[in-house]
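See below for the structure under consideration.
Order of writing sets the chain letters: A, B, C and D. Residues in each chain are counted from 1.
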Amino acid sequence: MYKKYSIAAGAALAVGLAGMVAPAVAKVEGDTIVIGSSLSLTGKYSTNGFHTQKGYDFAVKRINDTGGVKVGGKSYKLKVVYYDDESTPSRASQLTERLVKQDGVDYMLGPYSTTMTKAVAPVTEKYKVPMVEAEGASRSLFTQGYKYMFAVLSTSEYYLAPVLDLIAQRAKAGWKSPSDLRIGMAFENDGFSLDVRAGVLDVAKKYGMKIVIDDKLPADLSDMSATLTKFKALKPDILLVSGHSKGAATAARQIEEMKINASAISITHCEAAKVHVKFPKSANGILCPTQWLTNLPNSEPIFGDAQKYDADFKKAYPEYNTGIPYQTAQASAAVLVFKDAFERANSFDRDKVRDALSATDMNTFYGPIKFSEAGNNIAKPMFYRQIQADGSYKNIVSHEDMTLPRKVSY
Amino acid sequence: MAQNVIEVKKVSKSFGGVKANVDITMAVRKGSITGIIGPNGCGKSTLFNSIVGYHPIDTGSIKFEGQEISHLRVGDIARLGMLRTFQQTRIYTKMDCVDNMQISVSQRPGSNSTMFASRKGEIRERAEHLLEFVGLYSKRNLISGDLSFGQQKLLEFAMALMNEPKVLLLDEPTAGINPTLINGLINRLQRANEELGITLCVIEHNMRVIMNLASHIYCLSNGKMLADGKPEKLQNDPRVVDAYLGGH
Amino acid sequence: MLDNLQLLFVYAPVMNVQMLLDGIFIGAVFALAAYGLALVWGVMNVKNLAQGDFVIMGGYIAFTAHNLGIHPIFALPFIAIVMFLYGLVVYQLVIKRVIDNDMFVSLLATFGLSLFMQQVMNLIYGPEVQTVDSHMYIMTMFDDFVTVPTVKIVSLALAAVFATAIVIFMTRSRMGQAIRATAQDARAARVLGIDTNKVYMFTFALNSAICGIAGVLVSMIWVLQPFYGIVYSLRTFAIVTAAGLGNLPGVITMSFILGWVEQYAGIIAGAEWQIAAAVFVLIGVLSWRQVQMRRQRQVVR
Amino acid sequence: MNEKLIYIGLAVFGILGPIAFPDYIMQFAVLWIMVIMATTWDITGGQMGYNSLGNITFFGVGMYVSASIQVSMFYDLGAFTASYGAIKPVFTESQYYTGLALGVFFGGVACSVLSLLLGLAVFGLRGPYFAIGTLGVAVAAREIAGTIEVIGAGAGIAMPFLPLPIEYRSAFFYVLCFIIAVIAHFVIRWLFKTQFGLAANAIRDDEDKAEAMGIPTLRYKQVGWAIAAFFMGCTGAVFGNMVGYIEPLEVAFPVATFGIFMVAMSLLGGKGTLWGPVLGAILFHVVKEATWTYLLGLQWVVLGLILIVNIVYFQQGIMGWLQAKYPERFGIAVDESTSASKGEA
């Protein structure tokens, strides 16, 4: 019954081979160093995927314009090859494989989000490809013993846990006993947010705070009212939410609508979600964790200080005039780290570059960068900003800078 | 005394407010050819569907070889050995005739058909033999959907024989068939009954056919059992004549 | 879980007021989309898996209007017309060719449509969550405990108005009668001189418009994201499967029930079960229907 | 020009392909996974007419079962998957291979058992209800997996490393995928030469008739699904190890992508035929890779369009089209007295 149609099958195979075999790119072509990156350019993480890409591109252009990377007395230019992982980890891991094996890439810049990084790291590790990543914050990434992965950002337990610390300090300073504080929290059910949650649990335990609501949000939930209704019934002092940009937007909208009256509210990614513009009423008093502040004093020759980076970037990408998300700044910093490592290694040998990366100890507009054994940046703290009534951000250094309890005027 | 394979007792069935069957009692004797007749809308098909398991009955009991089957579903009943054919012929239209035959082997417990049995050998021989019996041997490798309606009807009949049922219920076997073919069909039905020992129960509209074929006939009218008996007796029963001519 | 039950029924029973109200508001929006699905399913036997994406698309048009400074409620008739026209185009290009086919075909074709719509919306609006501010007063009850945004009440009222309008349209207008006739027996309708192709086209476009209206309400009450459509599709399927076709009171009741189930599941079992709850309702309904049909010696088809 | 040539061609491609193009091994491996998905979907989908949208459930369940077995044989699973990754996994060679072998096998077995149970719940549904019901099952499985703490909930599990030198890693998983694809193919080929194949097609053509003829349709459907589930489970287990990190939404239960792709591939090649799904999977994978490479950012739009055009305008698929055009080449007899075969849709 199944006879005589091998022509069709044969043709398909031929097309298949032709389609999959594309010309490979060498790691260093002439005077260009090729770096690969699989980013979320479509799908649920693509907002921040684009922020990351702009950060990489901006840094690459700036470095190329200011003399490039000097190795062996010669000046090289940087180039990044991107693929779109569609916000899916299995795709990210396949594309990394493809970058390394087919496109011959020897160095990688990280993808966006913990989830993608978790999928990419085993591949780069196995091929011994050095990767500098800027967007995977989960602490669990750094307990796997990866030797070729370096992260410029602070790890996820510093997203919300230090906020609790600050609040506890304020409480001790005459508000109420920290152990009387009650927490209601909702975290997206993904790798990043669950790690943020783990950090929060540690601090809460330390101070004996009581967690009265502990919800996980499904990835495509557009309604948080169940959690917030519980919040109104139990009236905890503190509301913590983590769910990337869309979680922040959903939370801000419903906090406003349901007139949630918590003493302290902290939400991750609230800057990226622009809650200060979209929901000025509920945004007032929200504490936003950030990896980077525009008034950091550190300075280096390529970008200058944070303020200059901010201004130059806005000039290059006017659509960011309302503020640059920290995802962009740390992406640029990752490229800087690579440049620095190439020059110190004075070689394109992967292991030498790895060793140079490992010995990184530099100052950037993004803050100091120095990697631990595990590969995370231990030199830079997490920062906090509180949204003010007029929609501006106020930097929080100590607990005295916070307006607490938050003033609401729904 | 031959025993009854099918025993229907006081079966009632209504759809919404319409009483399709009221207190129907009938029996089919083993080895016989039994006919069910009645004018359109008299409840023949409802009764037929109740027996083979297409819908639940409201009250009464239906027994097959002494076992209550009024709660069983079509497949379970078929596996007991009671098979039906459809008025609108139903065959597997995208498979060829031999395949249609081969998949129709008996699925009764104890029959040696297994899920992963090979299609070659004895089964195929029997399939071809039965196709010859109904006169479709030359068409055996055609896709069955391409056969004419009459040929499809014959194929369906052959498939039923392939299954070696104890009882075969036929729903208007001659409907839509070219009159010249009817005698051949009657002949084959009788041969199946005599040679293969299959009990037949035939719903039929064509009085001539059923009078020639059946040994015992039940006549339904308005959902009730009107009369039953030998063909000659019914033929002369004024109630039956009335039912057919009275124009209910 | 137990403490959540305690909270709900012992410590803060007033929560139930909030949840019952929210369930009704959510249900009203579901009801619109579900009725649209019941319509195309019943009339032309098309199972539209892109139903949720039509809703989200309506929401995004409202978002565009909002950005242009037009309040979505005033833009509503316009949005309905745009969605109606879009429905016509989709019908001509895709739906028309799957109507008389194997039922699975309509399911897959509309799934492809759903993929396509999601991605185009993603290209135009980006994956970020978008919201439309209705600028309406938020009422409070029970000492600020229960909040009822006026926009939700307006939405409920609008949904009710449209549902009534559709009922009147279906019973009084010529087209409505033609639709109902076609739903009962397309062949007979054709014999009676009804142009069923036109009826199908109109029905699908009407469904598209109804979804668009539901989308406007969604945009004002919740948030929009190009990929949220599938959740709405699953919900409408759950509702229609449970309520049956051509049964408006059933659809409305089921919509409210689903709204409540989601709310209570979110509170009692935790927010991570909220979406799962809708799916469980769907599976539960299908299982229950099977048991029911088994008793009838039948299967669910 | 016969089937032997196809086998030789595929064998050459399967064995020499990765040797000739070693950099593309992973893509070849994914290609075979697509082939497995399409051909096993076709057991119930194409051959029986039971169009499941939920076969991806078994992919994910197999993956999780395998991961749990591989880890919990040597570590405490809960501690292993705790958010901070407190345990640094070290698997010796024998531990890894034993775990993997048991994981893949029992991943498949678990899926078969699950499919038998699920079959009781969904096989009373026909047509669209079956499709929607199975879709619901897949979504439910995804949501449930996301709430089970011990398997990492939404954060997933980092899989143990293959203790082989790097250059063999891709080849190792490629060989696994290839072997499963070959076994699946020959099982299906054998299956449809037995009574089972006839019964499956009978159910597709007219299930009421099949019921009336006494064919135990439920059992056939369950067995067909269980076979598909077994292979999907094994494949999922291998895929999980290949990716190295599994989480419920996108890796284990990609309902809206791979869950639908397998259907699309079968339809494209021609469902209900032995070679159609294979052909469809190869073509689909190539088109997909090409759009991903050359139409970055538009790939999903293109894919949606392909799906629509395929279904609306080209339902019978390539093999179906060929069969309708050249029925005699497929061994379908055509008598002059009757009209030509209409082919299979």
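Definition applied: a contact is a pair of C-beta atoms (placed from the backbone, for glycine too) under 8 Å apart; a residue touches a chain by one contact, two chains touch by 3 or more.
What you see is a predicted model; the values in this text were computed from it and never measured.
Ranking all chains by how far their C-alpha centres lie from the centre of subunit D, first place goes to B. Centres computed as Cα averages put subunit A at a distance of 36 Å from subunit C.
Between subunit B and subunit D, the centres computed from C-alpha atoms are 43 Å apart. Per-chain Cα centroids separate subunit B from subunit C by 47 Å. Chain centres here are Cα averages; for subunit C and subunit D they lie 32 Å apart.
In subunit D, the residues touching two or more other chains are 143, 146-147, 297, 300, 332.
Counting partner chains per residue, subunit A has residues 42, 189, 216, 218 touching two or more of them.
Contacts with at least two other chains are made by residues 119, 122, 230, 270, 272, 275-276, 294 of subunit C.
Inter-chain contacts, as defined above, occur between A-C, A-D, B-C, B-D, C-D.
Of all the residues in subunit B, the ones that touch subunit C in their complex are 53-56, 71-74.
Considering their complex, residues 4, 7, 11-12, 14-15, 18-19, 22, 26, 119, 122, 126-129, 131, 133, 138, 140, 144-145, 147, 149, 222-223, 225, 227-228, 230-231, 262-263, 265-267, 270-272, 274-276 of subunit C touch subunit A. Only residues 42-47, 186, 189, 215-218, 220-227, 229-230, 232-234, 245-246, 249-250, 253, 257-259, 261, 273, 278, 410 of subunit A touch subunit C when the two sit together in their complex.
Against subunit A, in their complex, subunit D makes its touches with residues 1-3, 5-6, 9-10, 13, 17, 21-27, 30-31, 82-86, 88-89, 143, 146-147, 153-156, 158-159, 161, 166, 169-170, 239, 242-245, 247, 249-251, 254, 257, 273-275, 278-279, 282-283, 285-287, 289-290, 292-293, 296-297, 299-300, 318-319, 322, 329-332.
Residues 52, 73-75, 78-79, 83-84, 86, 90-96, 99, 102-108, 113-119, 139, 141-143, 145-147, 159-160, 163 of subunit B are the ones that touch subunit D when the two sit in their complex.
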